[in-house]
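Listed next: structures, encoded as structure tokens.
In what comes next, subunit A is part of two complexes: it sits with subunit B in the first one and with subunit C in the second one.
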Partner chain A sequence: MVKMQLLSFRYGKKEVLNDISMRLEPGKIYGLLGENGVGKTTLLKVIAGLQKPWNGSCSVFGEDPFNRAPSFLSRVYYLPEELEYIQNDYSIRFFAKVNGPFYPNFDNEKFEAILKEFAVEGDKKLTSLSHGQAKKGAIAFALATNADLLLMDEPSNGLDIPSKTLFRRIIVEYVSDNTCTLISTHQVRDLENLIDPIIILDNKAVLMNASLEEISEKLYFGLHASIPANAFYSEPVPGGYLCVMENDDLGESKVNLEALFNATMQHKKRMQELFAPNAAEVSTPSLRPE
Partner chain B sequence: MNSNRFQFKRVGMLIGRAFQQKDKTMRNTALVLAALPICHFLIAILASGKGPSLDNRGNMLTFWIGAFFILSPFIFYNLYNHPKKGLPEVMLPASVLEKFVAMQVTCIIVFPLMVFLFLGGGDALLTTLFPSYQSGYAIAYFFNNKVTEETFLILFLTMQAVFFCNLLFVRRKLLLTIVSFVIVNSLLSIFLVTTTSVTESLGYFDAISDDVHVDVIEGGLFEIFKEENPLVVSGFLFKLFMVVVLPIIFMISSYKLMKTKRY
Partner chain C sequence: MMMNFDEHKPIYLQISDSICEKILNDEYAEDERIPSIREMGAQLGVNPNTVMRSYDYLKSLDIIYDRRGVGFFASPDAKKRVKGMYKKEFMETELLAIAKKIALLEIGLDEFIEKLKTVKNIE
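Right after this comes the complex of A and B.
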């Protein structure tokens, strides 16, 4: 569905993405994680056709996104982090009324159902809604387009805790089976139990693009009284240390996204080797943080 | 059906969408336009005891038609190239050409038509209701005296230049457009004056001075009548460039900007 080959991007002289290669498949909810400024938003924009790669290629449904052909645009929806794109004097229902008809699979019933679940007053102007309410309205529209590729930039930003829980449930319930969803976030806990596979991005490379199953096969997340010598990462938690280490027949463990992210940030090269397609040939790990 | 093929249906949808989005602006504009001839009429009655002259009303109609024609890109599509606010426009499933055509149709037809309907209509209503105070219709005056190929071409050129500036500048569009116009016009004037001075110093005008008619006031551009002289041919080509080639260049550049704009 989405194929990137040695994609590079720069703003002027500042290099943001460098030789990024990855594939995204339909029917999955990808979590795009990365530190601030590594280019998550830029990557989404390149996929959405809003930016053109400096080098390399990006193809979506076999098309160049930057051509912005109707056949491409009707299958993609990009939800930006900031809601400036909806004019303040519009209500979200008005926004849906003027934009919905252009999306061939737009489902107004679905839109209304999501608004109801989110308890958003669809007829109120955006100026009269809180940021969280407006965001929920925008999410409702994005899901109602039934786009084959849904790109969401920090969708949980601005949502309160109950709304974040609701957001996860609504995504699971309303995203179509064949839709490829790519959610960028730096608040990994917001998306726990929702995203799978996980993509961890660094401006130099995709450090990881792996399913939770693959991650738990290769890494072990466990509570230890003391920090084991082979731990990639550890953090003190009540009752000991939460440690991330290579899974040498330690069995399955529940992936802790925050610990995974921190471990990856500290051992970029090793993680990259571990989750590379030819990971079986990986050599002995180096555990010194990079 | 190939969804990438140009579809008039989508163009229609885009125009309809622009109306829906700007319905409040259009409603207010219609009210102001309808109120203009009434205010004009009342002020003239109070000042002189009779309604405004046909000349006066015709010129007012011409001015507003020109103003709306030229400024319509700012009114309807000022957000198209905004890095954040322009996203719904650029991501809307329609081709860039369809969007471009819809924008052009809206700017060329819709707003001038509104002026006709509301300002011209208001004037016609007043003339019909109070024939003893004012006579003649501004719309008829406009068509009989103001609509010339020349004025239309100049207005069209200006509108396309504004359309282009609207897509080129992201912020302070109006200010930057005015500044650009002033700079370009100054450069053009310098070029014309220099060229004329040089050609005059070379003696070109001596030979043809009796055959050349320069009409700056009416057309706004040089109208030079004499086909055989190289200077006259150059003048004709320059005019052709200004009123035919330049608008096309602006249109192509605007389309190109829309196609390649990064957000």
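Right after this comes the complex of A and C.
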């Protein structure tokens, strides 16, 4: 659905993304993790056709997003982190009435159902709603577009604690089966158990693009009273040390996203090698139409 | 009663365990439909792929079965199978941990068995 090859991006002379390659498939809810400033937002904008790659290629549904063909734009929805575009003198219902028709699969019933679950006042001017309420309205619209590709930049930012829980439930309930969802976040706890596969981005590379199943096959996360010799990452927690080690027959464990991320930041090369996609898979051109 | 709760277990196994609990306490009756993958995912705020792994796992143990186009059902003998699975797990893993602890704390076997009998009486 999304195919990126050796993509680079610069703001003037400042290099943000360098030789990024990755693929995204339909029907999955990807979590895009990365330290501040590695280019998560830029990556989303390139996929959405809002930024032009400096080098390399990005193809979405087999099209170049930057052409911004209506056939492409009607299948993609990008929910930015900042909502200036929506902080206007009209209501979210009015916003949906004006913008919904651009998306052929827009589902007004779904839109209303999500507004109701989030308890957003659909007829109030967005400027008079709190930031969190406006954001929930924007999320409702994003999901109701039924876009094939849904890009969300830090969607849980600004939501209160009950809304974060609700957000996870609503995503699972309302995202269509074949939609490819890509959610960038640095609040991994907000999205724990929701995002799978996990993509960890560095400005020089995609360090990891792996399902939780694959991660728990390759890595073991365990609580230990003292740090075992084979742990390559550990952090003190109330019960001892949460350790990450290579999984040589240690069985399955729960992937702790924060520990995974921290371990990856400390051992970038090792993780990249461990999770390198199968070489044959990368070099074989896809014969399936997208 | 959570028989098998372990927060370090993979999420798909935690979900499987909770389904097994619900089968044991009749919340999910034998030969009746259990929530769909999406319903379960939405209830828990968990990725549907994870729920699918739980269902595949329970299917492989014949605790639930799949009626194409209708949904997932608890097997007619689901309770027996859940108990069988837990018994195996208890005998093979948990008992070992208890045995290690008994040795570590130097509890005599007789003392342990006497205590076990009184605990059993209370239940």
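We take it that the second predicted complex is superposed on the first by the 276 of 290 C-alpha atoms of A that agree within 3 Å, B and C clash if a C-alpha of one lies under 4 Å from a C-alpha of the other, contacts with A are read in each partner's own complex, and residues count from 1 in each chain.
The definition used in the following text is that a residue touches a chain if its C-beta (ideal position, glycine included) is under 8 Å from a C-beta of that chain, and two chains touch if they have at least 3 such contacts.
Since this is a predicted model, take the numbers as computed values, not measurements.
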item	value
Joint occupancy of subunit A by subunit B and subunit C, clash or fit	fit
Partner chain(s) touched by A:Ala69 [first = subunit B, second = subunit C, both, neither]	first
Contacts of A:Leu223 with subunit B and subunit C, given as first, second, both or neither	second
First, second, both or neither for A:Lys52, with subunit B first and subunit C second	first
Partner chain in contact with A:Asn99 - subunit B first, subunit C second, else both or neither	first
Subunit B versus subunit C as contact partner of A:Ser211, first or second or both or neither	second
First (subunit B), second (subunit C), both or neither touched by A:Lys254	second
First (subunit B), second (subunit C), both or neither touched by A:Glu84	first
Minimum C-alpha separation between subunit B and subunit C after superposing on chain A, in Å	28
Subunit A contact footprint on subunit C (complex, rising order)	7-11, 13-14, 38, 41-50, 53
Subunit B to subunit A touching residues, read off their complex	2-4, 10, 13, 17, 20-21, 24, 79, 84-88, 90-96, 98, 259-260, 262-263
Contacting residues of subunit A [partner subunit B, same complex]	45, 48, 50-52, 68-71, 73-74, 76-78, 80, 82, 84-87, 89, 94-95, 97-99, 101-104
Complex contacts: residues of subunit A adjacent to subunit C	28-29, 165, 168-170, 172-173, 193-196, 211-213, 216, 221-223, 252-255
